[in-house]
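Dropping the structures in below, format is structure tokens.
Note that chain A is present in both complexes that follow, paired respectively with chain B and with chain C.
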Partner chain A sequence: MGRFALTAFVIAFFIFMLAPILVVVVVSFTSAGYASFPIPGWSLRWFVRIWEYPPFINAMITSTVVAVLATVLSCLISIPGALYLARARAGWANVVATFLLSPLSMPMIVIGFSSLFFLTAVGIGISMTALVITHTVVCMPYVLRTVIAVYRSVPPPYEEAAAILGANPLRTFIEVTLPLIRPGIAAGSLFSFLTSFDNLPVSFFFASAQTSTLPVVMLSYIENQFDPSIAALSTLQLALALVCLILADRLYGIKKMTVAA
Partner chain B sequence: MSLAPSSAPARMPGWLLILPALLFLVAFFVLPLIDNSLRSFEVGGEFSLGRYIQLLTDTFYLGVIVETVVLSTAVTVICALIGYPVAYYLVRHAGRWSGLIVFLLIAPLLTSIIMRTYGWQVLFARRGLVNTLLVQDLGILERPLQLLNTPGIAIAALVHVLVPFMVLSIATVLQGIDQRLEEGAQMLGASRWRTFLEVTLPLSADGIGTGAILVFMIANGSFVTLVLLGGGFQTLPLFIYQQFTTTRDFGMASTMSTILLVIAMTCLYLQLRLVRRAGV
Partner chain C sequence: MTGLNRRRFLQTGTAGAGLMLAGSPGLLRAQAGQVLNVTAYGGVWETAVRECFVAPFETKTGARATVSLGAPAQWLAQVEASPQSPPLDVLIMSPDLAIVAAQSGLMQDLTVNRIPNLAKIPQEFTDACLGKGTYLDYGVAGITYNKDMVPNPPRSIAEFVDRVSAGEFVASVPSISYAITPIMLIWTMAEALGGGVDNVDPFFEAMERMRDNLVFWGGPNDFFNHLASGEADLGIYFDGRTWNHYDEGATWIDFINPEEGGALTAVAVQIPNNANPLAFDYMNEMLDAENQARFAEIMNYAVTNVDVVYSEKLQARVTPWQQTAFPPYEAIGAARNEWVDRWNREIGM
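And then the complex of A and B:
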């Protein structure tokens, strides 16, 4: 009896979790000119509409560029640090790691608001550079965290062997360390890319004709209009995330990645 | 202990490797936050506690702070109440379904916040699914209910975003509980319910704690849900958003940001203590 009630509760829970998402996926294929559910008929017109509405396409390009650059920058600055911190035992290293992960715990709206004033004051202002910098602040911890976790499981003798056999540090890094930590970099980059692509509370403050990201454009669109094109965009975005996840799973195995997460 | 000692003995100390990340965050994370806090203490070019005094004495501002904390607390409690049974099921009963359950928990995290609020709007609009069901199909109601812009839907939407974090935190801890302790209690004559209340629940308290801090922390900073779904809440992040878009009182927004930051840092501190105690 108790078991039955528990199962029923869990099923109800997942209906609650999935309903708002599935409804949007269905609405994105509606033939109607308004968003309602159930839909009167199926069509792809709202996907066509996205394609024909320049602000969406421009924002998609902006978001992709920012997400790629922020992810690359995140990797460049956090991988070296992760390699050190993964094997450091000193107490201060723990403090540093906590600090480097702390952007995850701070309210993003505060990071965005503060960065806008600060970056304007130092002359970077509202620009792609500013977007990439602030996105890197919130994305970097993901790469750091996953690379630390993966590198911890790499036994030091591999690298020591390479060094003994005469490889210099750079060669050891490129030929031994890098292949070993690649799953961590892949997982971290994936989280970083998706976090950046979906970010609203930071991007919001840096919106201009050239720097509006997709979520910002979607927010301002949804505040004025309620047509199904937002549903179509959301469905595309979800599909992108799922494809990334499946791809990463195929390449590196989801187990390795979730352990790292 | 890093790459350095064995591979590059004299040339480069290993800790230099953390400098890129460290310097980047100091420059573009710490400095902006300090700059922002300083601005909150500055009125007409001079140092002043004026805004903080106003904040803590004016009932409107004080109300905003209280409402933020109360709303986040309510969302956290609801997440714990809903999340615990799900985590329990996942760890104890799901069996071969556990992979699917974890996937279903993580999948919503891949969807954008806009997608989810949009979903809620479609479901609960005046001519939305729920109203159509209640009025036309089941005939329970005479006319559609005003569901959007009510506190209930806004809270439900927040819970929807945050409850997976709670489930995963609790499940992690539940997984580590030695089931022999529960069996022992039952052998000694405790009922299932009593075993749960006196053995399982206390042992999983750390999981609830970790989840609660995480949920509280994220709830405190969320505003997109409240911007789009209304509900009549006045919270710190919503206030910062409005100060920025309409009122443009940046000094007050800085002050509010600083308060929000202090709350977040307190949560981070509690989180670290809890993690350290759990020995993770």
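And then the complex of A and C:
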């Protein structure tokens, strides 16, 4: 009886979580000129509309470029920091780690608003550079957190053995440390990419004719238009997230990554 | 109040010289290569802006205009962050933010000398932006209903309240999370029921009476979904959006401007201080009768130039602004926080 109730609860829970997403996916295939459910017929016209409306495509390219650059920069900055902070015993190391993780606990809109005024004051202004810098700030904690978690579980004797056998620090890092922390980097990069790609509150303040990201264009579009192309875009974004997860699973294994996270 | 300082003197001089040189091929060559950064909402709005305003501007000046998509709060923050060198030259604004921007001293005065077509815009629209902007187009927040469910719709806000309270209909109204709810619902209903900006008790009393038969929409698409799914029979919504739904195939939808007048909800246009002087040429195109008429046909909304001649189809749809309720945006802005607080305590949605 208890097992039956638990199974029923789990099924109900998944239906509750997935039903709204499924509705969006179904609506994206509607033949109607407006979003409604159930749909009167099936059509790919709203996916075609995405390709016909240039700002969607331009914004998709901008979002992808920003997400890739922010993820790469996050890794370049966070991995060395994480390696140091994971093993540091000084009290201030915890303070630094907490500070670097703080963007996770701050409202994104505050980060976006303050970054706009700061980066404008230092002369960077509204530009692709500003957008990448701010996205990197938002994405860094994901890589830092996962790499620290993985690296803390790596016993120090592995690296000590490499050093004793004559490997210099760089070779030790490349041949011993990096393979061991790879699941953490993969998990952090995946979260980082998806966080940047979906980000609205930060991108909102740095949008211009050249730097509008997909969420900003979607918000602006939905303000005055009611067709289901936004549902079609959401379906594509969902597909992208699924592809990323499947690739990550094939390359590293979701199980290892979730342990890292 | 504006004082004459060095920058303003230089700007005025530049504008005067510009007027004298207008039409000169030499000036066109000088303007070619200049880039103006303008703003638009996404989707059909952006398409209409490019077709109706950007194209004639580029043809006449030889300059290029880039269109930034987004929202008024975003654009105002960007100008605030860099007032000496604003990243945008012409802003699309909501009426309440237009007043905030004007009061903050971020926007330029608009004059007929610099924008000849401003003479064709009712003075009330420019005054509503404190002289530092004007309205481009407007809609009316009235009663939108499902004709299949409501064969005999209420003709006034008072009748709307009575019949929803009696349980005859389920109504969908904007929630407090929607930015202009204080204007399109709280003030409008209070005004229609004998109150006003200083007394919104009639609105809260009406909401208490209707509460068992209300659903709330957080964004315009929610409202349409409420009607399409049968969750609501009618509600408070915009005329232009209603006609857009109708043209998209939802022919069961219809709109009534209530007898008391629905709230006028406008789109304002402003030019920041230190913007590219070509911004005035662009705004002149935005206020041109022919350009506005084409814009109105695409958007299904009324426009503001008094010389605009609408098509027969649109003429039947637009509401003359004199038949709307013109909200006191400045006073509403001052009372907004108190109303929101009261809404959260008494209504909670």
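Keep this in mind: the second predicted complex is superposed on the first by the 245 of 261 C-alpha atoms of A that agree within 3 Å, B and C clash if a C-alpha of one lies under 4 Å from a C-alpha of the other, contacts with A are read in each partner's own complex, and residues count from 1 in each chain.
The working rule: contacts are C-beta pairs under 8 Å (C-beta built on N, C-alpha and C of every residue); 3 or more make two chains touch, one makes a residue touch a chain.
Fair warning: this is a prediction, and the values are worked out from it, not measured in the lab.
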Superposition on chain A - do chain B and chain C clash or fit: clash
Based on the superposed arrangement, let me know which partner A:20 touches: chain B (first), chain C (second), both, or neither? first
Does chain B (first) or chain C (second) touch A:55, or do both, or does neither? second
Could you look at A:222 and tell me whether it touches chain B, chain C, both or neither (first, second, both, neither)? both
So in the superposed three-chain picture, is A:32 touching just chain B, just chain C, both, or none of them (first/second/both/neither)? second
Which partner does A:173 reach: the first (chain B), the second (chain C), both, or neither? first
So, does A:205 touch the first partner chain B, the second partner chain C, both, or neither? both
Taking the superposition as given, does A:120 touch the first partner, chain B, the second, chain C, both, or neither? second
Tell me which partner A:103 touches in the superposition: chain B (first), chain C (second), both or neither. first
On chain A, which partner touches more residues: chain B or chain C? B
When you line up both complexes on chain A, which piece of chain C, out of 20-28, 128-136, 200-208 or 218-226, runs into chain B? 218-226
Chain A positions touched by chain B in one structure and by chain C in the second: 35-37, 113, 117, 121, 204-205, 218-219, 222-223, 226
Applying the document's contact rule, which stretches of chain A touch chain B when the two form their complex? 2-3, 6-7, 9-10, 13-14, 16-21, 23-24, 27, 35-38, 76-78, 80-81, 83-85, 87-89, 96, 98-100, 102-103, 105-111, 113-115, 117-119, 121, 133-134, 136-137, 140, 144, 156, 159-160, 163, 168-169, 172-173, 177, 194, 198, 200-201, 204-205, 215, 218-219, 222-223, 226, 230-231, 234-235, 237-238, 241-242, 245
Please output the residues of chain C touching chain A within their complex, sorted ascending. 37, 41-46, 66-71, 74, 77-78, 80-82, 87, 219-221, 224-225, 228-229, 241, 244-245, 248-250
Which residues, counting only chain A, touch chain C once they are in their complex? 32-37, 53, 55, 113, 116-117, 120-121, 125-126, 204-205, 207-210, 212, 216-227
Contact residues on chain B for chain A in the complex? 1-4, 6-8, 14-15, 17-22, 24-25, 28-29, 31-33, 35-36, 39, 82, 85-86, 88-89, 93, 101, 104-105, 107-108, 110-116, 118-123, 125, 127-129, 156-157, 160, 163-164, 192, 217, 220-221, 223-224, 227-228, 237, 240-241, 244, 250, 253-254, 257, 260-261, 264-265, 267-268, 271-272
